[in-house]
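Next come two complexes built around chain A: one with chain B, the other with chain C.
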Partner chain A sequence: MTTPPHQPEPGSIRDRLSSPRPTDQASGPGDSRTSDVPESSFQNGDSAGDLAAHGRGHKQIHAAMAPEPVGLDRHAMLSDRDAKAAERKVASLFLLALLGVIGFVVTFFAVEQEFGKPWNTWFTPLLGTFMALALGGIGAGAVLWAKLLMVDEEAVQDRHDFGSSAEERAATSKALKQGLADTGLPRRKLLRNSLLLGAGSLALLPLPFVGFLGRFQNKERELATTGWEKGARLIRQNGTPVKLGDIQVGGVESVFPDVEEGTLRADSPALLIRMRPEELQLAGDKQEWAYQGHVVYSSICTHLGCPVKLYEQQTHNLFCPCHQSTFKADQGAKVIFGPAARPLPQLAISVDDEGYFIAEGDFSEPVGPSYWERG
Partner chain B sequence: MSVLEKGADTTAGWFDDRLGGAGYIRKSLNKVFPDHWSFMLGEIALYSFIILLLTGTYLSFFYTPSLTEVVYDGSYIPLKGVTMSQAYESTLNISFDVRGGLIMRQIHHWAALLFMAAIVVHLARVFFTGAFRKPRELNWVIGTLLLVMGIVEGFAGYSLPDDLLSGTGARIANGIALSIPVIGSWAAFLVFGGEYPGTAILDRLYALHIFVVPLLILGLITFHMLMVWYQKHTQFAGPGRTEHNVVGSRLFPGYAAKAGGFFFLVFAVLAALGGLAQINPVWLYGPYNPSQVSAGSQPDWYVGFLDGSTRLMPPWEISGFGYTVPLSVLIPTVVLPGVLFTLLGLYPWIEARISKDKGYHNLLDRPRDKPVRTAIGAMTITFYVVLMIAGGNDVIASVFHLSINTMTWVLRIGLFVLPPVVYFLTKRACLSLQRSDQELIHHGIETGTIRRLPNGEFVEETVPLPEVYQVGMTGVEAEPLDAGPETPAPVGPGYEQPQLAQAPDRDGFFSSRRKREKVPVESDAPALEQTGSRKV
Partner chain C sequence: MNGQVVNKVSTRGRSRRRSRLSGIAVIMLALVAVGSLYTAVAAPSSAQESEPANQSMKVQEGRDLFLSGCSTCHGLNLAGGAGGPSLIGVGASSVIFQVESGRMPLAAGVQQAPRKDVRYTTEQIDALAAYIDSNGGGPSLPSGSLTDGDLQLGGALFRTNCASCHNFAGSGGALTYGKYAPELEQASARVIYTAMQSGPESMPRYGDNQLTVEEKKAITRYVRYITEAEDVGGAGLGRYGPLTEGLVAWVVGVVALVALTLWIGARA
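Let's look at the complex of A and B:
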């Protein structure tokens, strides 16, 4: 129903829309115009009527609807002169907005934003300034208007209480149960069970779609392998291969596998570091993986995968800029600080007939962040 | 009646004939909103969100969420000829070739930062004043969800330009997904469509960023506002303000003019920021390259605390039975936020349970009157701030020439030592402030005048504290100003005991203020009516 039972004849709608507020305040408790429930977007007319009937006294409801202004005008009424002055203040702010809009439009079309064009660096700052003037003029004007020229009232309104009456709750609960009983669901076991099965299986319907979001077939192999393979040359970002002797002692070079898309693969970037062979203290057969003081580590951080690229020559420290994990390049890239838990994997390298560095195979363990199946 | 008014009435009447609602609109215009500067913090968040929708729509017309490689040929000369993704190219175009695109991008980014900041400060306001108590627990939960959604939305947006910085963020997100036990690699492959980086992530983040998450936020905000409207806003204690009423200005015209004006002021500030304060100059970072990262890379501020927790975490990792649990990632990036946000969302129930306060509350607390709650809040803020400082530890270390290792250790220790210290200090400060209030109430304001009595005694003259302050300080409900018959307690079934704010009488864990009986505005204090005096 659209009209609550207490609403008066529809003919007076216009009157109500335009009636001045004092009428509201003056109307007494018995006034039918205000006797429905407190404003509520959650109740429909019916239950609201019920609530009003046994819940709340008319007077209180009335008060809730028509707040009473008290303590009017903290700064009293302005004199005519002051009011005029206030009006001028507000008006000048509104006109400032006009100026802002004009400035904005002129800037937008007269100044060229494109890189290298004269005045281009002024474009955005000017646009911002004029926009701020336009918006700020309206905003400040409106606030000042409200503060200076509108009645500064302290209106009081009663709160309505929450929670329905016990009767209301019982009635609703009963209606629900009755409705449920009317469907026959509690009695008809076949209906109920088949519905549970059918509707329950509906929940599985989206699963294939979700599953299709990822390619899982080679998941573990993809995670465990990189672009490196036996015989792949170590190339730089620009594609040139690295030759023995290209790098000085203390030098470092970002290297990628010379395979298809080798420089684009996110799991393959590595770091070739050269130090004096006697400085390199590698455990067991990892000694063999280095070549005459050249050692290659994955540059994908074992913590969260940022590129570990900052190398400190003197201390042989490799530093990850994301979370400050620090690895010791001369000692098998073991972790000496920060949240990374594992050393950077080392790549076995050697040199081919032409003197270029080649990989002896892929990394012997997965590179990058740890995961459950990693072992 | 002017022609304009007549026309308005006719139009309104036309609609009312079909839809009704005149009565409802009139009631709405008369709705009273209490006024306090701290109530506008939430408004800032709302307005920032509207501005985000406006600017974001414009940006979406020019942005292409594609990782397809192209060679840049726009007007920004330093990057001419560089191979990059379409996403990055379109972001450069927005910044250099789309008229007004740069200011839109910058306003959008500033508005995102302000949106999150306003949410956090609004949350603090609601927390410290106890506005989350019954009947407003649900709105507190919605607010918590909005906070989380805001972080997700911000992160997705941050990743879209596909510059060096945002690509690093996506890389880290992938690592975080991988760290989840059992399902980690499945989750990462599901989200990224395969091994990192894949080709799908930008399209997905884009769909999330411009449709799914904004829709959720919009829905939650709508519900948030409806609840505020329906339950009415809380208010601070003061003359004439009770648990049963709202004192303030009516929606129309005063409140509407102020709130509407405030929207434009927020927009003006963001426009000025977007025009004058450069933010995220992606053209300086270059396109994303998995083998590169710049030193001092930072996430947006609202993710900073998680970055910090990750930096402070010791290198713990459990392996066994062929499986690995990377605690050094899992704890700071999954467990910590999970626990923090769960505790945050459940806080109203936790406090109600411990304080055994199940009553309705429409009057706000002054933070000092709830020393334990205030201390918990201060403690949490300390914890959060230490994490946030840790998120910038490399920048701080390099600016102040500190050892980053030392700094990390100081912060690791500080994370556990500082919060309890702050808890203790805050609680003491609250109790002291209560005492100082009592002093003012009982003895009045010092005038600096000392009077000598005929018998030679010196007394100090004081002026009684104006009643308006007394009421605010004591939180003791004042009589309604109209002094009419007291509003009858709600009667009828279901209202046997309207427990309005009766619980705090007990001297519980959360209200360790001295008992109400001692606080009162002195029924035996006619002295307060006149000039008070005390011995010196």
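Let's look at the complex of A and C:
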């Protein structure tokens, strides 16, 4: 059913809803579901369209439960002249949307997108404005259309009863019990116990797969190794090697291993820092890993792997911008603040015959965040 | 006879005198020629000779400025003192950065010298720089324009070396314990260049072996370019990227949409 043809009808919505409607005839005696439920217990506002889809309406509205009617049926009260004016209002909004579309297209092609061009900075705002006009015009027009010209009515529909009827429940329960008795399981203990054993053992079936997963262990130690190897030169991002003396005291350089795709490997970026040799306070062997005040640390944060490249040359603080972990570059990159749990791994370096920095090997421990088998 | 003799003598004397006069004239001419030749050929060298004099005047002026404005902290002989570090060997670049960005003279002992209004003219700054440079040398500005480098190279180098602290758009960022990498919009080309050379405060130092003069000029040009570039698409929101943009989208945009929805719901 559709909304009834427009006919000016005086009176409130409640008056109109109380009157018998065509939908009521569709719900005949065959529809038994409503029967066990008091009509008042599932009352809910619903649209006329849904009413039509369900083919069910309500017969009676309980005054206490019915939603208060909001507003009058303006449409019914419109004179022909007012209706025409409303139509023009809506139509002008729709045409505004058309203008918006035209403006959008014209802006997109006409405005030059180049720095310095006079309209350049207006490009995106203009696109946004015109898009807002286009979408907003359609939206506002549709709202006004519904409010001014469409039939404004309220309807109430009862919700279904969700449970099955008592007879259905009893019948199902009976059928299930009968079925179990028919299998003979309650009487034949051997059958029952052997089935439990056989089916229960199925739980063990996935065990081999657990062992199979073990093959994916980090046996190659891929997480623990990087691109650095003994003799690999320290290169900049543009591929040029770093020579002793290139970096001044108080200077830093992002370095990568001079191996295949060394600058692309996510695990290898490191930071070469130069300070006065007497400022370096490294423990034990690690003193040997530095070279004349040059020290190299992995620049991958041991917390969550952000790049640690914010170096303060006066305090020797290395700062991670993600979670504010702070490492002391002059004291083996020990953590002095923040969530990182371990120092940044240090790379052992020296200088080759030609004066270029080389790595003495890979990092002695895995770089970056902790992981399960890191140990 | 006598008269003849006299006459002879006199004519001889006259001719001698004439020859003497012409000799003087020749010498004069030669002197003038040599003089003008000297002036013509040796003019540049004489101008160069006036440069050191100019320079020494500058150094003198710089020394006066230093003694009156800086020596309280940095010491009468540049050796540093209670408040300030020694300035021997820091070079002209350090002076230009610190004074031209308004950081020096320092207003108060703080964690990090803030950018302030500049207290000296460019000439005075150059004089101060000349004085500091005359005591131990150090890095100084190269000749030529500082902003004629390769823009694209500058961008690549900026993202590799500078963006980790100063943000990809030069908006600056936080460092440890209240220190910060300043935003670069207010930094002049001279300040940007000398900052890389001198490594002020927390900033690492980039020598000419690490970033060549051309590369530093490229970075300087790039920084001036991005900080002067217009914000396409309206407000730049501090140019902090997705953080502020997301904040505005959620706090302003979504709240406005919710309010609009509520308004529509209330009116329906």
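Here is the rule we use: the second predicted complex is superposed on the first by the 212 of 375 C-alpha atoms of A that agree within 3 Å, B and C clash if a C-alpha of one lies under 4 Å from a C-alpha of the other, contacts with A are read in each partner's own complex, and residues count from 1 in each chain.
Note that in this section a contact is a pair of C-beta atoms (placed from the backbone, for glycine too) under 8 Å apart; a residue touches a chain by one contact, two chains touch by 3 or more.
Note that the coordinates shown come from a computational prediction; the quantities given were computed from them, not determined experimentally.
After overlaying the two complexes on the shared chain, residue contacts for A:L310 are found with chain B and with chain C alike. Once the two complexes are overlaid on the shared chain, A:P321 sits against chain B and chain C alike. By the document's definition of touching, of the two partners only chain B reaches A:P269; chain C does not.
Contacts of A:W119 after superposition on the shared chain: neither chain B nor chain C is touched. In the superposed model, A:G141 lies in contact with chain B only, and not with chain C.
By the touch criterion stated above, A:K243 is placed in contact with chain C alone, chain B being left untouched. Ranking chain B and chain C by residues of chain A touched puts B first. Of the two partner chains placed by superposition, only chain C is touched by A:V252; chain B is not.
In the superposition on chain A, the residues of chain A contacted by chain B and by chain C overlap at 70, 113, 115-116, 123-125, 143, 237, 254, 307, 309-310, 321, 324, 326, 337. Across the complex, chain C meets chain A through its residues 156, 160-161, 164-165, 173-177, 179, 181, 199, 201-207, 209-210, 229-234, 264, 268. Chain contact summary for the complex, chain A toward chain B: residues 2-4, 7, 10, 13-14, 16-18, 21, 24, 33, 36, 38-42, 54-57, 60, 63, 65-68, 70-71, 108, 113-116, 123-129, 131-136, 138-147, 150-159, 161-169, 210, 213-216, 219-220, 222-223, 237, 254, 256, 263-267, 269, 299-300, 303-307, 309-310, 321-326, 335, 337-342, 368-375.
Residue ranges on chain A touching chain C, taken from their complex, read 70, 113, 115-116, 120-121, 123-125, 143, 236-238, 243, 245-254, 307, 309-315, 317, 319, 321, 324, 326, 337.
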